[in-house]
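Right after this note come the structures.
One chain, subunit A, appears in both complexes that follow, with subunit B as partner in the first and subunit C in the second.
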Partner chain A sequence: MTDRAPDAIPAHVVPVWEISPLRVWVLARATFVQLVRMKVFYFLLIFAALVLVVAGAGLFWLPTEHLIAIKRWSFGAMYLFTMVYSISATALLLPRDLEDRTLYTILSKPVPRIEYLLGRLFGVLLLNALALAAMFLAMCLLVAWKMPSVEKQLVQELLQGAGGEAVSLNEVNQAKADAARYGLSTSLLWAVWALYLKACVVSAVTLFISTIASSSLFTIVTSAMVVFIGHFHQLILDFWKVNETGWFGGLIGRLLVIVFPNLGLFDVVDEVITGTELTLGAGLQLTGMGLFYIGLFVLVAQLVFVDKEL
Partner chain B sequence: MNRRWRDLSRGPALVFLVLLVAGLVRAPLESRLLRDLRQAGFHPPLRGSSALQEVGVQGMMGALGGLRYMVSTFLTLRANFHWEFQDWENVLQNYRLVQVLEPRNPDVWITGAWHCHSNAWAWYLQDDPAHSEVTRRLLAREWLERGKEMLRQGIEWNPENPWIWRDLANLYREREGNLCEAAECYRRASLTPGAPDFLHRIYGYLLAQCGEHDEEAMKVLRGIYDEGLEVLRRQRVMIWKPSLIVEMRKLEARLGVPPESCIPERFDAEGFVIATPLLPKESLPIYERLLEKSRGPNPPAPDPALATIVARLREQLDEKSAVP
Partner chain C sequence: MESRSHPVPSAAQSANPPAVLVEHLTKVFETSFSRAKVSAVADLSFQVAQGEIYGLIGPNGSGKSTTMKVILGLVQATSGRTEVFGIDSGKVGSRRDVGFLPENPYFYKHMTGRETLEFYGKLCGIHGAELRARVPELLATVGLETAADRSIAGYSKGMLQRIGLAQAIVHRPRLVVLDEPTAGVDPRGSRQIRDLILQMKAEGTSVILCSHLLEQVQEVCDRAGIVSKGRMVLEGRLEDLTQVEQQMEYVVEGGAPGLADEIRALVERSGARLVSSGHPRTTLEKLFLETTEEREPVSGGTRHD
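For the complex of A and B:
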């Protein structure tokens, strides 16, 4: 242990207002470059191949199903990428810095530990954002390319579905509006944003766990478990309603719900894909909740890391 | 002791306390957000046949996390694969899972039910080599009922979707010949928000054809006819269809409507075929014929509304031909 006086504020602890955005940015950029060198962007090639196969293959009966499938597979791939990447990349950072002594080099300079944590986190988030943006753009291009043929098919179906009845211009326009509902909409932006927020929360949680953990493997496994439990909030709440669990079971369940982040909240993609509109208010609330979680887990990571003996 | 306590307070205990307090702060915020999202159609509350099944479904959804939609697509593909081999039980099983995963998607109910009430039904009636004719009829009936049940469940989840109602109506009409029930389903379909106009028209026709609600049918068809008159007066698009005139004439005969209250002779079914502004070239001769017909004996003036439509269509055609 150090010889510092017990109540003195350590030199590497700084108030929030003294955090230097420039230093954080430098660290974030370095993290980003470090991660890009790990060739993570090759995943984008796999993504492109996957969505092209889905878009090209006539796997589905309904024209709307085809559009939905393109979006679903794209979002599924985005989800896999962001989750796996958020956990593994963040889990690797701290142990690797310790192993190759980069951490000592950085922290021996006047860099507060919170800046180090934020820089590392933002590096991961930046790479996540760029990869998601690229995948989202590719998906939008494919949907826009497929849209006219789906619109045509829907109008044809409308004519057939009217059972020999002639349809008016208004009805044709309605069919086109239906097709548009399955196409590109502003809600898709909200969906990808929600996915990104979720990835950010997972990264922040992983960062917190990596400050406690002694190995990358432990961090990855524990973070995966947290993500898993994070999707079970509703189940835990419903389980109480159905079963008498006793006071102990109830206490454990409540603690799980209170302590673990509710990641299921961010799962809005499926409904958006099938045409449900996410309102601005709900989107902003979701953003607020995401930022709250990120702030919370950065704070607890800092609480652990600030006094950690390295 | 003091130092130990200090270390502890800096360590796990402090972290746990922060997480606990934050959890208590966010709980009401999360509840509000969840309520708003549910109102907007997100995070549908799941339904199972029992409370425990509901919990099981929740568990499955939780385990799948954000991959729910991808798994659902895989299951749809798997159902299509089983369809190729007429393995109807597996088709049904896969679609039931898909419906659990995305109950708010009307397409999964429509397609799943279609496999039951059309594909499996027809296969058992015509192609099934393993059973006697009586058994095949029974099996076909069973699959028809499954399809019907699936559509009803789909309606429970998506009460505002007109197309599930339309499919249920067509099932009653085409498979069971129950035109009154089909009419009722079309009525419900026509009441959903954003339902196309033809659903209301078909409701009227089926009501007229079912033979049990002639007066009500006449009221509905008269309403459509009057709307058409109004549209015509506003010099826009002709919306009557031949079926409307045909059905109204039949009803007039059955109900014994006095000749002065019947629809005028000049509004003959022959004249009122499709005439939308999409097809000015095809609709012009129809309107011209109608215009000729509308010339009454005394005074021999053409209908001004029809005259305006004809003039407008001619203008449209001239404009089109003027474009190089």
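For the complex of A and C:
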């Protein structure tokens, strides 16, 4: 390390254009394999069992409610999986590498620290993407499988309701359209995408916390707290607006809103599974917010990690 | 600092920069809460020439590891200058030519030995056919061909050390930094690692060796520096450092009976004092290697070990 003028760019800062996508991919792949070999995909078996139980319990719901229940339980399991793994898998990586000194052998190679962070993050994101895709596909297959019987039930209910009188084709088509509204739609894709974006943001937050934390446990607990507060973003804003808490209260409120990501933004699942269509504009807005948060937390993580004494 | 070495030209004076240049390196750590300052390295200077094996020795907590970390860019110096082949060691580019084996290394337990070398090779920019050829070559070099496809989780300490050494040299670096490379390795493995270090030297690779096994340092190093409390207290060529200038030693083989008495008398007549005499001793390590050497089984007979 050469003595340098105070205003010079620090030697260890790597310009963005010097980041090697290939090395990032090598690290991401290693992270993905590491997590897969930790048998995280066993959760998919639990997921499969859960949705099959819900699918088989059709007697307890009305036909359309049954479709909603399948989607609600599936998305609930997807949410649980992505949140748990986004926090725990990301929290395990950096502190453990530091503890095991694996980080020394990696960073003593020509690997800039930003590449290490990106590689580790992308590995977790890849895992979440594949797991979510598998669960989403399973849910779609189940809903598609259930659709004909739901349509049939609706038409039967229509005929019974008519009390032996003739039912028009329009009415039958309307019943089928009602069933379709609760079935598969492009909005479901937006819902799973929103869930994935939220998982990515949580991973980026956890990665940032792991750069300042000294243990996995601290990282997990702090990240879980951030995720919890992040879901009540709007609530905090409203509370400080409604209750006049003075300048100090306002300051705390604003700080919380700035520091914690607004994870409530990504909660579109409930609306979508009850048949509300999500527009392209809303989907793109979600994507923009997700990318903004991911970029922000990766940037802050890098600012901390680049000067971290190992 | 006391020095018994010949002066080494500075990096600026030389067309070929030294493998490592450390000038007035100081590293002060701040403790987490009290912000108290702890000086790990204080005004440390030394150079490692290209192709040289340099031993960095000192007691625990003397600042060796911190110095190595600064050279590897893992820790930033508080002040001073550190270069690797003329490049500021804080720059990522300086690590293209460096291999590092930390003390008691751990690797990803989910990987096999082969996958570990492939992973580190790829991080160094080696891919495809070159990597496929390099990995078996390295596994053979460190004697891990049979364990190549076993999970690292099942490796012994010595095997971890050997795979660690292999990953350090996967990209054929011009400088290798070894921190206790034979820790936990049995004498035979230890000998192999020493031979490998000497082979690296023969190929022109520079080596910085940190070891508590002073005999090992003495055996392989060209020069050594002794660090204590963050400062270089003694540095020089091994022959210069270890020779006892006031004494001479002769080892005679096949002398006639009475030769020893004649020599003793000669010494007394000259007014000198005979400090010691007797049969030279082998080392326990040599004895271990000789007695545990694998013998070829005798055809049709029983092997007695």
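The working rule: the second predicted complex is superposed on the first by the 287 of 310 C-alpha atoms of A that agree within 3 Å, B and C clash if a C-alpha of one lies under 4 Å from a C-alpha of the other, contacts with A are read in each partner's own complex, and residues count from 1 in each chain.
Going forward, a residue touches a chain if its C-beta (ideal position, glycine included) is under 8 Å from a C-beta of that chain, and two chains touch if they have at least 3 such contacts.
On a predicted model such as this, the values are computed, not experimentally measured, just so you know.
Taken together through their common subunit A, the two structures put subunit B and subunit C side by side without a clash.
When the two complexes are overlaid on their common chain A, residue A:Leu107 makes contact with subunit C while staying clear of subunit B.
By the touch criterion defined above, A:Phe218 lies against neither subunit B nor subunit C after alignment on the C-alpha atoms of chain A. After overlaying the two complexes on the shared chain, residue contacts for A:Phe75 are found with subunit B alone; subunit C is out of touch. When the shared chain is aligned, subunit C comes close enough to touch A:Arg23, but subunit B does not.
In the overlay built on the shared chain, the residue A:Met38 is in contact with subunit C alone; subunit B does not reach it. When the shared chain is aligned, subunit B comes close enough to touch A:Leu263, but subunit C does not.
Set against each other, subunit B and subunit C differ in how many residues of subunit A they touch, and the higher count belongs to B.
When the shared chain is aligned, subunit B and subunit C each come close enough to touch A:Asp307.
The superposition places the C-alpha centres of subunit B and subunit C at an angle of 170 degrees about the C-alpha centre of subunit A, rounded in steps of 10.
Figure legend note: subunit B and subunit C, brought together by superposition on chain A, show a least Cα distance of 9 Å.
Residue overlap on subunit A between the subunit B contacts of one complex and the subunit C contacts of the other covers 307. The residues of subunit C lying in touch with subunit A in their complex are 29, 69-70, 72-77, 79-83, 88-93, 95-96, 98-102, 104-108, 110-111, 119-120, 122-125, 127, 164, 167-168, 171, 177.
Here subunit A touches subunit B in the complex through residues 6, 59-62, 64-65, 68-69, 72-73, 75-76, 79-80, 83, 158, 161-172, 174-175, 195, 198, 227-228, 231-232, 234-235, 238-239, 241-242, 255, 257-259, 262-271, 273-274, 276-279, 281-282, 285-286, 288-289, 292, 296, 299-300, 303-304, 307, going by the rule given at the top. Interface of subunit A with subunit C (complex): residues 1-3, 10-12, 14, 18, 22-23, 26-27, 30, 33-34, 37-38, 100-102, 104-112, 307, 309-310. The touching residues of subunit B, counted against subunit A in their complex, run 2-3, 6, 10-11, 14-16, 18-20, 22-24, 26-27, 29-30, 32-34, 36-37, 40-43, 51-52, 54-55, 58-59, 61-70, 72-73, 76-77, 80, 102, 104-105, 107, 111, 166, 170, 194, 196-198, 201-202, 237, 239, 241, 243, 273-274, 276-278.
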